[in-house]
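Okay, so here's the structure we're looking at.
For reference, chains read A, B, C and D in written order, and residue numbers begin at 1 within each chain.
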């Protein structure tokens, strides 16, 4: 916040008094129960302070009282929009501790499921972002498509939100017969619809006005604050754990044709199919963060296709879930995976018993949100939802 | 009993509203309510304008005065509405002096108004069947310097009844100056001299 | 006189005098507002009332529905009224800017505190 | 109308041995009540229909069905059910609120919204259907529409909520700014018609749709779209709905309202939407004249007697209402498609785009009128049309300087009688 001694201070002849405004925890645009305390001077926001903890459910403590497989349902409730990816993160961390490698078929199954989860999550992110900017319809379009992914997930595991499907050692069940065809059919239908979303939002001039050059985050700031995922890549940092992560995670994507969605020399990979970057947009602004998400959906579609191809050619087992009360080897493990919202890390310490001695989660949204007060300095009130929305946070993951 | 003359009834209604809310402005201590009563009083005044056959001026009153000036005023009220300024009590002594002076002025003005017999109102028959004439065009022509209402008048009388083109121009320029001036006064300016360091 | 006037007013048209009375009430209320209110914006509202009270007279004298032979302003009445409205808008804008400046410099809109120019 | 009612009463009561004189007070009161009832019901029923329409249209836009059950088919009674629910809700008032202003604010908005309909004609011809035939109708409607902002400001201020205050501030700034281009847009058809009388403006657009003022010349065509933008902004609809921007200000100025008072704000909003739409139809889209003059082709004009004239007016009413509903539907469509602008962008749209464009279009219309008086754009393509333009004032101008004696306009009397105007214009065509 600028002080009075700062010579750049704008002095208003009409002095308006500073006002502290609570945006949230009950507010339509705070994605759950985030509370932002805004210090405003008229419409200009000078400071944003996020207050957390309204959704704290002691997930980590619970993790220290349950066996790893029992804890899987709790990971669903962290990032509840991408439960599959949370399951995967936890499962991989445990597997790293156990030095277990899932069979070929299970690996492709995980790619398919987690990339589908990424599509679902980004769809919600896109729709909710439209809602933050005052247009309601994209939200429902996004939910319409997400609904079909949930249908597919329901067929796989019987649940629509809290799946507990991917588990330590593989998955709870194999994909049902005929599922791959349905999935393929869905992807074929989704692709042209994404183009429609680009028309409705990405290239809409009001949308560009509201997002371009708003909340610009330099690559250095993004790295300083430890942001990750589309938020980081939206600032032009070429980093994606699916490529740059630990061996046990990148091995999952072994052999997949995959390019990190990040701007290089003014271009995104394969961006000729998509609307061009508008002139107003600056790298690292809300528009780029949104655009990266939209492109990642397309990339995930591609990855799912590759996964379907490989899965149907693979033979053998999809993996064997670990026993419910299997003893863990002594030691510790930390693994970060590329969840839709960024790097989701799980840390586990075991003293040789079935129940971990310490369980810890590193949430991507938490770090992503921390940059909000930096981005919202001296913006307008209307920009606060635009910026916070572009970070695409999920409070369940932040508070855990 | 004669049939009721409706314009008179409406005059009573609008007149009572205008006077009543003017009084309310005076008596209210809360600045926001004062502004609200002022809106109602001026709106009722525009009703009186309509009754007097001056539709254009009445609509003008609604558009500029009620819709523009008073919104501005309320804006000002909201900008300065700290707790201690919303309710500012008038001192009792001020009330007494004000009431005496105001009452004297009011009685003087009213007595003066009714002292001229011609002003007490026309005969009903004289005005009842007057045609409703458009008055926007004559006003517009008058502002441009052409007095449509003086067409039939003798030439020597007409000479004294000039149009309003010049005042119109002056007012236009005046408004422009005021706009710029108000914007200048209320603008956000950067401090020109940086504070001395150290 | 007054009682007969009011009784007549239901069946007889109002005259200039009636409009002048309404105008006088508004004028006096406005003048008293200016005199008694301590809030600068209250004073401003008083001015608006005064201007409107005066405007009513112009309208009344300009209207041919109210007059029965006295001096008449005709079109000039409505034209002057128009100018009053327009200038009142300008006056309000400037007065408001002054009031806001005053508020800014003195942290108050109490007109009684605007006494720094006193010798 | 009053005398007709009195005659009717006289006829009805004559059996009882009573008589009612033609200028009895009863007739006036009944006539006024009929007008009031019609207008209030238009706004109230209009709000019912438009809220249903909004839900239905938004539903269809969003791949939903919208209401389907209440009232049998299409959920057409859904709004009524909602209204009942709203009535039964608790009428809450925040602790720190200014009670009197908080309670009265919705009624101020609603009253302003209704008042605009006083001067709006629903059918034209020599016997227009209009509650109060004002010579300066357009001006009046534009002026009254601007008054709705008071209710909003009072609500925002008196709610003792910061969100409400933000909403009220935004609304005040926005509406006052947008009144300028809105008025300038409304002036363009007024300029062409030579009158601010909405009945006159409507009647001048009689005939084929090529006579509509939107097709009068390129300037009016552009003006119409500017008007649409400004009208959307001035009634506070998306993408200009900053005063109630739900993602930023919770619900803006009506955050603290509930129940019936809240629904009054809603009705005021829909009433204003309807009135700006009807104003648009009168100013630009031919008012009560359909694209093809079916009524006059069938002889349904007042010239052929009362009953045909009445039927013709009924058709005109349907035309006006249809155009109004179309206008409202367009606003609904826009709302469910576009994101919301930011306050500085809204002001920039007004001051940088709408106002200059409207000013230039005003000049354009002047140039067109000056060089091609009485000619429409389509008139240039086809055979020249009959000229309807009125310039009563200028016709009288030479007499002030040169020869006296012919008080052209004073004799013409009431503004509504078209015949003398037409006669006066016959000799004028270029």
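We take it that a residue touches a chain if its C-beta (ideal position, glycine included) is under 8 Å from a C-beta of that chain, and two chains touch if they have at least 3 such contacts.
Remember, it's a predicted structure, so these values are computed and weren't measured experimentally.
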Chain occupying the most central position, where position means C-alpha average: D
Pair joined by the larger number of C-beta contacts - B-D, A-D: B-D
Inter-chain centre distance, chain C versus chain D - centres from mean C-alpha coordinates, in Å: 31
Centre distance in Å when chain B and chain D are each reduced to the mean of their C-alpha atoms: 26
Rounded Å distance between chain A and chain C, as computed from the means of their C-alpha atoms: 64
Approximate Å spacing (C-alpha centroids) for the pair chain A, chain D: 49
Per-residue multi-chain contacts in chain D, two or more chains: 169
Multi-partner residues of chain C (each touching 2 or more other chains): 100-101, 103
Residue numbers of chain B (touch at least two other chains): 3-4, 56, 60, 68, 70, 72, 75, 79, 135, 138, 147-148, 150, 185-186
Residues on chain D engaged by chain B in the complex (per definition of touch): 21, 23-25, 28, 98, 100-101, 104, 134-136, 139-140, 142-144, 146-147, 149-150, 153-154, 157-158, 165, 168-169, 172-173, 175-176, 179, 183, 195-197, 392-393, 396-397, 399-400, 404-407, 409-410, 413-415
Chain C - residues contacting chain B, complex: 1, 5, 8-22, 24-33, 35-39, 41-42, 44-46, 48-49, 52-53, 55-56, 59-60, 62-70, 74-79, 81-83, 85-90, 92-94, 96-101, 103, 108-110
Of chain B, residues touching chain C in the complex: 1-5, 7-9, 11-12, 15, 18-19, 22-23, 25-26, 31, 34-35, 38, 41-42, 45, 48-49, 52-54, 56-57, 60-61, 64-65, 68-70, 72-73, 75-77, 79-80, 85, 88, 90, 94-95, 97-99, 101-103, 105-106, 109-110, 112-114, 116, 118-124, 126-128, 130, 135, 138-139, 142-143, 147-150, 161, 164, 167, 171, 174-175, 178-179, 181-182, 185-186
Footprint of chain D on chain B - complex, ascending: 3-4, 6, 30, 32-33, 36, 39, 43, 55-56, 58-60, 62-63, 66-68, 70-72, 74-75, 78, 81, 131-138, 140-141, 146-148, 150-152, 155, 158
Chain A partner contacts - residues on chain D that touch it in the complex: 58, 61-64, 162-163, 166, 169-170, 238-239, 241-242, 245-250, 336-345
